[in-house]
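Presented sequentially are two complexes of subunit A, the first with subunit B as partner and the second with subunit C.
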Partner chain A sequence: MAEQIETAETTRNRTAYWLIAPGAVWMALFLAVPILMIVYVSFWTQTTFKIEPILTIASWKQFFSSETYIGSLFTTVRLWLIVLAATFVLGYPTALFVGLFVKSKTLSTVLLVICVIPFWTSFLIRVLAWRPMLGKEGAINILLQKAGLISAPIEALLFSELSVVIGMTQIYVVFMVGPIAFMLSRIDRNIIEAARDLGASFWRIFFKIILPLSLPGVIVGAIFVSVMVLGEFATTAALSGRKVNLLGNIIVTQVGSLKWALASVVGVILTIIMGLVIAGFLRVVDLKKEL
Partner chain B sequence: MESRVLKPVLAVYVGLFILFLYGPFIVLTILSFQQGPEGGPQFPIIEWSTYWYRHIFGLTPPSRVAPLPFGESLIRSLTLAFMTMVTSTVLGVMSAQAFRSKFKGSGFVFYLIVLGMMVPGVLTGLGTALVANTMGIERHWWSTAFVTHVVYTFPFAFLVMLAILNRFDASVEEASWSLGVPPMRTFRKVTFPLIFPGVLSAMLFAFTLSYDEFSRTLFASGRDQTLPLAIYGTFAVEIHPNVFAFGVLTTLFSFSLLTVYAVLMTMSVRRAGRAAIQEDIA
Partner chain C sequence: MAETISNISLSGVTKRYGDVTALDGVSLVLEGNEYVSLLGPSGSGKTSLLRAIAGFEAPDAGKVTVFGRDVTHLAPHKRGIGFVFQNFALFPHLSVYDNVAFGLANADSPPPADEIRRRVTDMVRLVGLTGLEERGVGQISGGQRQRVALARTLVTEPRLILLDEPLGALDANLRMRMRDELRHIRERLGVTFLHVTGSETEALAMGDRVVVLDRGRVAQFAAPDVILNSPANPNVARFLNRYNVLSGALRGEAFASAYGDLPYGKRVESGDAAYGIRYDRIAVVEETAPASGVGIPVTFVTSEYLGSAVMYFFEAADGHILEVEHHLGKGRMPEFRPRGKYRLQWKPEDAIVFG
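And now, the complex of A and B:
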């Protein structure tokens, strides 16, 4: 009997291996190998027109001795932190309303769908849409001038770091709202009711109950936003007028001039930053336990 | 008490938030009706016209603004999205099915798959381009780009199917097995109809993500552009309202695809409902 169960289990296991094999092989070949290839190529020798598999750390030296590249490293980290903070500050109140304050399930679903609808417009079109909005003769400047708040158009709105931050925040804020609203909707209303009956003020309830219980949602949202912002280059290409260069932009320009080795160095650095960021977030909250 | 003040304040805030999300697109839509070909991509609207919409379809007399090369790239993007959708959904269903039994190494494989949606597109694109170059393989949208698209969408399909199968009542399958129905037939006749709504969501995810995918495609595809690459090409040059008109059209197109999905979903749910009723009668 025991033997029979065992054979049944091994058959099931064997089927599982057959089922998982195509997916696992696909990811190994087309994800793991390319990533390892980036690490490998970052040590190749780069001449003007070609790269050769002779190991050297020349490209690494080139990266760390150039002010432009180091500068873009800091710009990437700075923009990431600003956008992360902006998406959290702008997104949390919305999530609070959708997840906690709205009593009807239908209304909160409708609100979430409204937030998601813009995603069916191409990402690049959504980025480009900020140009007529922020430009010198753009909608915001016209509105502000008509309202008499400013006399001359604000030129710093477009083709600056500000426009990149505004664009990225608008595109990625929904990734913050979703997970937070989800965690908030799972909070047992009786706890809040009990705290209120015991005389706790709203802010006390917020800081002692609501915020801590929604933290896993914040972390998931922060991981989404971080992963996307750190790998960005299109928003800066469209809205910064080449003034803001992220690590992603460096990769694109280097590949454009066939400097594969240097592009790979930047790629490895980007991977390391991402790894550190995700590991850091996962240390704050144990997601497996929470979800 | 304070929530009586707070709730309306938050409601107003959410209204402004939605305006923030939609504002640029509203402005873009208005400007797409700018007069052409002299009207630029800014206010004021000189005269309302559909010039730029006609311009996209080549219905206007030739002018200094070159028509956008969108026709072929749209077909490429749709083909690529379809290929990606089928492949990643098949892989997703198979892998999620495998994860129902705790096999050795399942933890590692899980992270390997999920990594695909975490790694930024620039990196997978760059890596794929490097591998292709080293091996002397030419890059095309239907080969190297397709492969990286699946790396990106397969994890989504996998997670959707995993969530569906977690809530799945395995006893129906066991009943089928114990009645002597072979596993493949059981999967086709019992399991698959039950998980079909999940399969549809996985397909929707894979299709939309691939259709709009840009950063992976940039390095991994060759000369022939997909739709997002064609749009990216307009970033460098002076933009005209035809790009805006194009944005409006693609959005409408996405919504029609979404409607098709919604209809399919309702039909499959209704069919499942009808089957349940028939069972009750029997």
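And now, the complex of A and C:
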């Protein structure tokens, strides 16, 4: 009997391995190997027109001795923090409404779908659509002038760090709303009524019950937003007028001029930052326990 | 209905959801320091009544006073009423101690920290959870969770506790133990418990008095033995699950049923006509045996062994199933032939007629 059970279990395990095999092979070939390759290439010798597999730390030295590159490292971190904060501040109340305050499951699903509708158009169109909105003669400036709130158009709206923050926040906020709304919708309403019955005020209930119980959603949302913002280059390219350079933009530029070694250095640095950020978030909440 | 400072009074409480009237002018007076069970089938308005008293939903009409204070339009936590939820609704991210302390620590004007600690520790001891204070509520058993839910409410010192099917989430064994426990805890604190249940056995066993709710109205409010021995109407008799309820019409000294005229002993004034005979007041005799008292011919269908008693199921000529309970203390278990013809007999004075 015991033997039979063991056999059945072994078969099941073997089937399980077959299920994971295509994914594992794919990830090994197109993720693990390329990452190792990038690390390797970052130590190659780069001359103007060619790159040779002779190990050197010249590219690393070049990155850390250049004010431009270090500057863009800080810009990346700063912009990431600003966009992360903006998506949280904008996304949490939305998620609170969709996930907790809307009582009908149907309505809350409809609202979530509405949040996703912008994804029906391409990323580039969504980014570029901000130009006629934010430009000197764009929709926002015209409206503000017509309303008599400003006399001259605000030029800082477009081709500035502000326009990049606005664009990224709009594009990524939904990744914050989704996971938070999901966690909020799983909170047993009786728990909130119990807290109310025990005499806790709205804010007490929010900080002691609702926020802690939705924290895993915040963490998942923050990981989504962070990974995407840290690797960004398109929004900055389209909306900053080349004034804002993220690490992603440097990679694009370097690859464009066939400077593979330096591009690899930036790639490795970006990967390390992302790894640290994700590890940091995962320390806050034990997702295994929560999901 | 007299409202005094020592009781909880509901007068004409009405609640509608669209076209459905969940509560239809409910009036009740609960005394301080008593255990009241609230019995009703699902959809009878039990939960709506509890939520209206607790203040989670405002009634469309009527008045709720708690110890002399009109609380009809007061927020739940200002009513001095505790609520124990059916699924306990514990805070999943907090420890046993923090769950119990929640109401005190998060009050508008919380008591000093050492008083909170003393009261929480005392309450944890009272419900028998000492030593488990630091456990998460996911790491304790169902019965222990029930105690946490109770302690969490009791620690805020309400004088009325509403319990919404508090034993529903426990397995049968634990349910019996918790029944005792609930009564003990209540007696020690001298508060009023209003215990909602769909189980007639639980309602009769737990309550000093029992409220029977039927379609949003109070059908009967009396001591358990009164309810059992003289149900107020045929529906109450049906919920009790102790009566065969036969339909027909009341005609003077007899009840005209599908099985002929049945004599009866006691009559209860009621809008609906019915004839009730308790499961355990019926004798089974051979079809050919000499008749005595009231009797109707039946066919044996099946039996169900309950441990201390056996339930026998018989089919009357019109297909109606009649139940007979035989207590094994009264003798060994009789055997009946499958599909055998018998007659059910009882004394007229054991039967109740409604009408």
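Simple rule for what comes next: the second predicted complex is superposed on the first by the 269 of 291 C-alpha atoms of A that agree within 3 Å, B and C clash if a C-alpha of one lies under 4 Å from a C-alpha of the other, contacts with A are read in each partner's own complex, and residues count from 1 in each chain.
Convention: a contact is a pair of C-beta atoms (placed from the backbone, for glycine too) under 8 Å apart; a residue touches a chain by one contact, two chains touch by 3 or more.
All of these numbers come straight from a predicted model, not from anything done at the bench.
Chemist: Check subunit A with both subunit B and subunit C modelled on it and let me know: fit or clash.
Modeler: These partners fit in the superposed model.
Chemist: Look at the residues of subunit A and decide whether subunit B or subunit C touches more of them.
Modeler: When the residues of subunit A touched by each partner are counted, B comes out ahead.
Chemist: For A:33, using the defined touch cut-off, is the partner it touches subunit B, subunit C, both, or neither? Pick first, second, both or neither.
Modeler: First partner only, subunit B.
Chemist: Look at A:201 in the shared chain and tell me whether it touches subunit B only, subunit C only, both, or neither; answer first, second, both or neither.
Modeler: Both partners, subunit B and subunit C.
Chemist: Mind working out whether A:193 is in touch with subunit B, subunit C, both or neither, as first, second, both or neither?
Modeler: After superposition on chain A, A:193 lies in contact with subunit C alone.
Chemist: Based on the superposed arrangement, let me know which partner A:260 touches: subunit B (first), subunit C (second), both, or neither?
Modeler: The answer is first: A:260 touches subunit B but not subunit C.
Chemist: Look at A:20 in the shared chain and tell me whether it touches subunit B only, subunit C only, both, or neither; answer first, second, both or neither.
Modeler: First partner only.
Chemist: Under the stated touch criterion, which partner chain does A:209 make contact with: subunit B (first), subunit C (second), both, or neither?
Modeler: second
Chemist: Once you lay one complex on the other using chain A, what is the shortest C-alpha distance from subunit B to subunit C, in Å?
Modeler: When the complexes share the chain A frame, the smallest subunit B-subunit C C-alpha distance is 8 Å.
Chemist: Both subunit B and subunit C touch subunit A; at which residues?
Modeler: In subunit A, residues 201 are touched by subunit B and also by subunit C.
Chemist: In their complex, what parts of subunit A are in touch with subunit C?
Modeler: Touch residues, subunit A against subunit C: 188, 190-191, 193-201, 204, 208-209, 212-213.
Chemist: Give the list of subunit B residues in touch with subunit A in this complex.
Modeler: Contacts found on subunit B: 1-3, 6-7, 10-11, 13-14, 17-18, 20-25, 27-28, 31, 41-43, 91-92, 94-95, 97-101, 103-104, 106, 109, 112-113, 115-116, 118-124, 126-131, 133-134, 147-148, 150-151, 154, 158, 183, 208, 212, 214-215, 218-219, 227-228, 231-232, 234-235, 239, 243-244, 246-247, 250-251, 254-255, 258.
Chemist: Show me the residue ranges of subunit A that touch subunit B in the complex, using the header's touch definition.
Modeler: These residues of subunit A touch subunit B: 12-13, 15-17, 19-20, 22-24, 26-28, 30-38, 41, 90, 93-94, 96-98, 101, 111, 114-115, 118-126, 128-133, 135, 137-139, 142, 170, 173-174, 201-202, 227-228, 230-231, 233-234, 237-238, 248, 251-252, 255, 260, 263-264, 267, 270-271, 274, 278.
Chemist: Under the touch definition given earlier, write down the residues of subunit C that touch subunit A in their complex.
Modeler: Residues of subunit C touching subunit A: 54, 56, 75-77, 81-83, 85-87, 89-93, 102-103, 106-108, 152-153, 156.
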